[in-house]
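Note that subunit A is present in both complexes that follow, paired respectively with subunit B and with subunit C.
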Partner chain A sequence: MDNARAWLDKIHAFEFDRPIKIMNVCGGHERSITHAGMRGALPKWLELVPGPGCPVCVCPEEDVYQAIRLALHDKVILVAFGDMLRVPVNVKKGEVRSLAEAQAAGADIRPIASPIDARRIAQDNPDRPVVFFAAGFETTTAPTAAMLAEGIPDNLSILLSGRLTWPAVAMLLDSGSPGFDALVAPGHVSTVMGPEEWSFVIDRHEIPAAVAGFGTESLLASFYSVLRQLKTGERFLDNCYREVAHPGGNPTGRRLLDHTLEVVDANWRGIGIIPNSGYALRPAFAQHDARLLFPDHTDPGRRRAGEMPPGCDCAQVVLGKIYPNQCRIYGKACTPRNPVGPCMVSDEGACRIWWAGGVRVAVDA
Partner chain B sequence: MDDTRILLAHGNGGRLMRELITDVFARHLGNPLLDTDADAVTLPHVDGELMVTTDGFTVEPLEFPGGDIGSLAVHGVVNDLAVAGADPLYFTVSALIEEGLEISALDRYISSFARAARQNHVVVVAGDTKVVRRGEGSGLYLSVAGIGVRRASTRLAMDRIAPDDVVLVSGPVGDHGIAVMLAREQFGLSGELRSDSASVLPLTRAVRDFPHLKFMRDPTRGGLATVAHEIARASGHSVVLDQNAVPLRPEVVSVCEMLGYDPYFLACEGRVVAIVDPFAADDVLARWHALPEGRDACIIGRVETGGTRVILETGLGGRRVLDELEDDPLPRIC
Partner chain C sequence: MCLAIPMQIESIDGFTARCQAKGVWRDVSLFMMQDTLPVVGDFVMVHVGYAIQKIDESDARTTWELLDQILEENGA
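Then we have the complex of A and B:
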């Protein structure tokens, strides 16, 4: 903690005559920031903005809906990361609105913590189709790809809802009003894809950026780095997670991603289609593609951009346009016990993190 | 016939069941008070307040570094009595065994149960076994009731807790939660961290007669933060924990950092949280420090007026509310 104090002192030594906003794009970062009480310890002129960093939050509604239908009607064992189970879809009152409700209605749904668990469940149940609903960023998609490349049981298929993180940041930057002055790039994503994936932030947009890990020291070091860049006018992609995020990332992981999956345009819940931001199984793995094996439940009619539930500002929260407690229903209609939007469900969701961190006062946007 | 595994017939009341009880349960747990043929037993008279508690045990995997379901069950019930200021005396145990469990494994767990019971001077006075069909249990569930006795003058109670009281913990928190998780070899992680599963009786005996000791509880499921919430709710005051002071092992810190877990919510199975008058805190600590179980004991927080919240003062000087657990903690996926 001594080093953290030192970084904090160095940050306090800066003076800015305007508010400075640093965006993070990883739920893990936001969690560390909130858990450490960093906002209260940093200078008043510095704002930390949670951006698109929650894979559960951006998973399109039609994918969750399809997973629910599959589990209810096709007698499959549906496995998903625990966070996905309580994500609500937009259906009429009385209809099953989450995987957890489908489970209560008799569907065989099993929460898992790692893709390996999906393979184990398929091996243990050779007579039944098992569908792995794989929502996630590069970090969880890479192990899914590795599992595919190694070979998976015939009865296991994948409902892939994998997303790349950088295209969402690129979209914000290209919009002309990104809403932040500097970026803290995600540590685990950089571990897989390599830090240099984030060079475009500097090269194309001249926005300071630094890769950070999840510890207090690494995050504070990254804040210091981008603030110093703002002050001096210097621009470079700093790496404050050198012990884990190496240049080039994880070559094996990247090779397996490329071997099994292709990058496609993809829908982000509440945000819309972002070019080259999603993963899909390559044709060579079609026999494991749940979208092809169970086409009945694909409903293109659900593919609308603005399908957050009424009143829910999750999309604005995900894009860093408003803080969680500026949502119209934060802490009122929407709490972790009765979440309306996905940001209040997932441990990676900014609303959930703020609520768990004790933020109870809603404020106007 | 496979005679190395538990069959449904081991639960049918016949010869196999009788042999299982004789060869495994009575062999390890036998004592003058345990009569496997009786429906009920009479217990000797005891002086003092009788206390009773009950708890069910399930753990996956059944064996983990630092313990197994047998020793875990004994420690769990011993500790519930111990933190109430009592000495445990008599246990009853119900074993729900899943068809297919290896009899040698069952023997190990019951032997481990018996060893832990002996160490705490507890005898098993009644028992029961049932066999559930394959797939309907996770190997073995144990349900244990414990009877203990304490001095009638003992005054440990939550309603004595007052603002400015000090919060102590007897050792590092979160070891059991992380040790069991590592033993499952999930997330591609493995490690040698041992569970803290242990009897806290030496710790509670050493301090329970201090008049200025107000309350003790063993943080198990839900960890330190959950005990702090129970204290806050029952006392009507807030509990403030000092992040820099809460003892954590490096392995726990690094796994938590990797997976995004909060160590304050991780299970312990051999720690005591105590609430003490501020001026008596050093006396309690001195007694604990003299014991191997209490070497790392320290002050980790205090009771404050205003609200019934649990607040963590972070290493950076910020304050963060530790909310009650909503769902099970999940590993981060980004």
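Then we have the complex of A and C:
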């Protein structure tokens, strides 16, 4: 922790005559920042903004709705990462509004911790269709691709809601009002995809960026790096997680992603379509694509289809436009015990992380 | 969801490695490590049951300490 102290001292030695905002795009980063109480230890002029770092939060409402319907009406075994089970969809009062409620209503829904669990459940139940509802960023989608490439049982299919992180940052930067002065790039996305993926932040937008790990020292080092870049005018993609995030990323993982999946335009809940930001199964794997195998239950005419729940400002939180406690219902109608929006459901959601970190009072935006 | 945990490999059978972290054992897939296959005794970062990168022992131990702190907080 001596090194953490030294990084803090170096950061405090900077002087800026305007507020500086550093965005992170990883729930793990936000958890480390909040857990360590970093905001309280950093200078007043420095703001740490949680951005699009929660794949569960942006998973399309219609995909969650489809998963619920598959489990209820098509009698499949539906498996999903545990975070997805409590994510609410927008339905009339009294209707099943989450996978957890569908499970309580008798649907066969099983939380899993790994794509390997999905394969095992399919192997153990050869007479039943098993659907793996797979939401996640590149770090999680690559293992799903690996499972697919290695070979899966005929009765296992995938409802894929995989997303790429960098296009959301590119969209913010292209908007002209990104809302941040520097970027801390995600450590494990970079471990799989390679840190170079974030070079566009510097090359196209001249915004300082540094890849960070999840320890206090790595994060503080990345803050120092981008602040120094702002101060000197020099720009380069720094890597403060060299021990794990290697140049080129994980070549096998990238090859497996490319072999099994293609990059497509994709919807982000409450935000809309972001170009080239999603994964879809390649035609060679069509026999395992749940979107092709089962009826489409989504009804675009359904009230509030695709949106965040009423009153929930989760989309603004995800884009870093407001802080979690600036949401209109934070800590009032929406708490981890009774979450309204996905940002309060997921362990990666900024609202849930802030609540766990002791922020219990809402403030005006 | 992008949380990764360092584990040490105790045995390998095909692409499946028996791994241990602080007294917890798991079967971990090495299918994503085909370019630089680890060997018994190596430490790997494990995410959703897949090894995604090799890691030094000292870095593994530092990460375990960090995770301990976070788990302690979440349990409180």
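As a convention for this text, the second predicted complex is superposed on the first by the 355 of 365 C-alpha atoms of A that agree within 3 Å, B and C clash if a C-alpha of one lies under 4 Å from a C-alpha of the other, contacts with A are read in each partner's own complex, and residues count from 1 in each chain.
In the analysis below, a residue touches a chain if its C-beta (ideal position, glycine included) is under 8 Å from a C-beta of that chain, and two chains touch if they have at least 3 such contacts.
These numbers come from a predicted model, not from an experiment.
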{"item": "Fit or clash between subunit C and subunit B when superposed on subunit A", "value": "clash"}
{"item": "Which of subunit B and subunit C A:186 touches, first, second, both or neither", "value": "both"}
{"item": "Which superposed partner A:195 touches (first subunit B, second subunit C, both, neither)", "value": "neither"}
{"item": "Partner chain(s) touched by A:55 [first = subunit B, second = subunit C, both, neither]", "value": "both"}
{"item": "Partner chain in contact with A:243 - subunit B first, subunit C second, else both or neither", "value": "second"}
{"item": "Which superposed partner A:348 touches (first subunit B, second subunit C, both, neither)", "value": "both"}
{"item": "Touching partner for A:140 - first (subunit B), second (subunit C), both, neither", "value": "both"}
{"item": "Which superposed partner A:253 touches (first subunit B, second subunit C, both, neither)", "value": "second"}
{"item": "Which of subunit B and subunit C A:270 touches, first, second, both or neither", "value": "neither"}
{"item": "Which of subunit B and subunit C A:208 touches, first, second, both or neither", "value": "neither"}
{"item": "Colliding region between subunit C and subunit B, picked from 186-194, 204-212, 276-284 or 294-302 after the shared-chain fit", "value": "186-194"}
{"item": "Contacts on subunit A seen with subunit B and repeated with subunit C across the two complexes", "value": "26-28, 31, 35, 55-56, 81, 83, 113-114, 116-117, 136-137, 139-140, 186, 188-189, 214-216, 347-348, 356"}
{"item": "Residues of subunit C touching subunit A in the complex", "value": "1-4, 15, 27, 29, 31-35, 45, 47-50, 52-53, 55-56, 59, 62-63, 66, 69-70, 73-74"}
{"item": "Parts of subunit A lying in touch with subunit B, wherever the complex brings them together", "value": "1, 4-5, 8, 26-28, 31, 34-41, 53-56, 81-83, 86, 113-114, 116-117, 136-137, 139-140, 186, 188-189, 214-216, 336-337, 347-348, 355-358"}
{"item": "Subunit C-facing residues of subunit A, complex", "value": "26-28, 31-32, 35, 55-56, 81, 83, 113-117, 136-137, 139-140, 142-143, 146-147, 149-150, 186, 188-189, 191-192, 214-216, 243-246, 250-253, 256, 346-348, 356"}
{"item": "Subunit B residues within the subunit A interface of the complex", "value": "186-188, 244, 257-258, 260, 262, 309, 311-312, 314-323, 326-334"}
